[in-house]
Amino acid sequence: MAEFDTGLPSIRQVQRFIKDKTKVNIKLTTQELLTGTILWQDVQCLCLSDEANQTILVWRQALVYLKPNT
Amino acid sequence: MAEFDTGLPSIRQVQRFIKDKTKVNIKLTTQELLTGTILWQDVQCLCLSDEANQTILVWRQALVYLKPNT
Amino acid sequence: MAEFDTGLPSIRQVQRFIKDKTKVNIKLTTQELLTGTILWQDVQCLCLSDEANQTILVWRQALVYLKPNT
Amino acid sequence: MAEFDTGLPSIRQVQRFIKDKTKVNIKLTTQELLTGTILWQDVQCLCLSDEANQTILVWRQALVYLKPNT
Amino acid sequence: MAEFDTGLPSIRQVQRFIKDKTKVNIKLTTQELLTGTILWQDVQCLCLSDEANQTILVWRQALVYLKPNT
Amino acid sequence: MAEFDTGLPSIRQVQRFIKDKTKVNIKLTTQELLTGTILWQDVQCLCLSDEANQTILVWRQALVYLKPNT
């Protein structure tokens, strides 16, 4: 993603998950599924607080899909 | 994809699937096959409602192919 | 590919396959080998009609190689 | 990442790990988990000193996630 | 590769292989090793004639390494 | 990497390995580990002379990490 366009529906959707502290599952290119709440996002990364309250910097290039943890 | 060109045949094809609520299969770089209807698309993601009515944000970079679920 | 340059030899080669309805094999990053005829191409995708006449939207980013199905 | 924007939260987060000599785990697209301290970063790479004090040039394109080694 | 810069050493190296009809091995991201002679190259693809004289369009994004077949 | 910025620390680090004919290990996205000395680099590739003195053109997109072969 060349620029960080905060108007994009997908950026706004992640922003809502951040605001609502929604617990999410994030599938990565390595097949791993991370679970936690997203603290912030920028053009390069999402910052996740996982279930052990560890802060994980996840690179956008490694994202496959993201969904609420129901 | 640098810009979101709504004139592209491939973008218009996905837009038709959205309008017609076509059930589609989406193959991802992780080999997974997601099934559902596409709610919306932007330059970074497709938003899918899967067969359990869960909303999944799928990153375009992880798309391999997409076809109607016949 | 930033822009869709129809003058490129590789774009013209695919265009010939489209015009001649050449049956091709397409190897994808998921190791799958799709077989069919290419209906059209744009900067983001190839649109394939497979052997079951199903239309498949294949993302360029997932292409490894393409060859006539002899 | 087109340009090296030192104002990005994710770049600043890595810069803090460098300054504080935080021991980190870095997950790579090859599934490997590198452990060490980050010496410096630029638009293309992170330079890591691993647990055997070896200097490893890690390409940003291969980064999946990064977290403090607790 | 944004533009096809024929001055690049790597482009010139491949051009020499084309001119000299050097038999090469090409390792792809799918782990496959293609063998043949390169017919031409552009910004998106290499066109290979394999050992069965089949023409294969190989996408640059799938290239890992290339070496003379000794 | 859009442009070949010779001022980058990571480019200068590889340049030192070239100048000093440092034997290096290069981990690729295919999990392979190449060993040899780097002959030159450009925006698209590194050119390696491996332990059998074979010249290998390695695409930057396939680089995961690089370290001196100690």
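So that you can tell them apart, the chains are marked A, B, C, D, E and F in the order they are listed, and the count of residues begins at 1 in each.
Heads up, the rule we're going with is that contacts are C-beta pairs under 8 Å (C-beta built on N, C-alpha and C of every residue); 3 or more make two chains touch, one makes a residue touch a chain.
Note that the structure is predicted; figures quoted are calculated from it, not measured.
Student: Within the chain touch network, how many edges lie on the shortest path between subunit B and subunit E?
Tutor: Between subunit B and subunit E, the shortest chain-hopping route counts 2.
Student: Return the chains common to the contact lists of subunit D and subunit F.
Tutor: Joint contacts: the list comes back empty.
Student: Which chains sit in contact with both members of the pair subunit C and subunit D?
Tutor: Neighbours common to subunit C and subunit D are absent.
Student: Would you mind working out whether subunit A and subunit B touch using mostly the same residue numbers, over half shared, or mostly different ones?
Tutor: Both copies touch with mostly different residues.
Student: Name the chain whose C-alpha centroid is most distant from the C-alpha centroid of subunit E.
Tutor: Farthest from subunit E by mean C-alpha position: A.
Student: Quick check: how many Å separate the C-alpha centres of subunit A and subunit F?
Tutor: Roughly 33 Å, centre to centre.
Student: Based only on mean CA positions, could you tell me how far subunit C sits from subunit E in angstrom?
Tutor: Centres of subunit C and subunit E (C-alpha means) sit 19 Å apart.
Student: Quick check on subunit D: which residues sit in contact with 2+ other chains?
Tutor: Those would be 2, 29, 61.
Student: Name the chains in ring order, counting from subunit D in the direction that reaches subunit F next.
Tutor: Loop order (subunit D start, subunit F next): D, F, E, C, B, A.
Student: If we count contacts the way the header does, which residues on subunit B are in touch with subunit A in the complex?
Tutor: 2, 28-30, 32, 34, 40, 42-45, 47, 54-59, 61-62
Student: Can you list the residues on subunit F that touch subunit D in the complex?
Tutor: 1-2, 5, 8-11, 13-14, 27, 29, 31, 60-61, 63-68, 70
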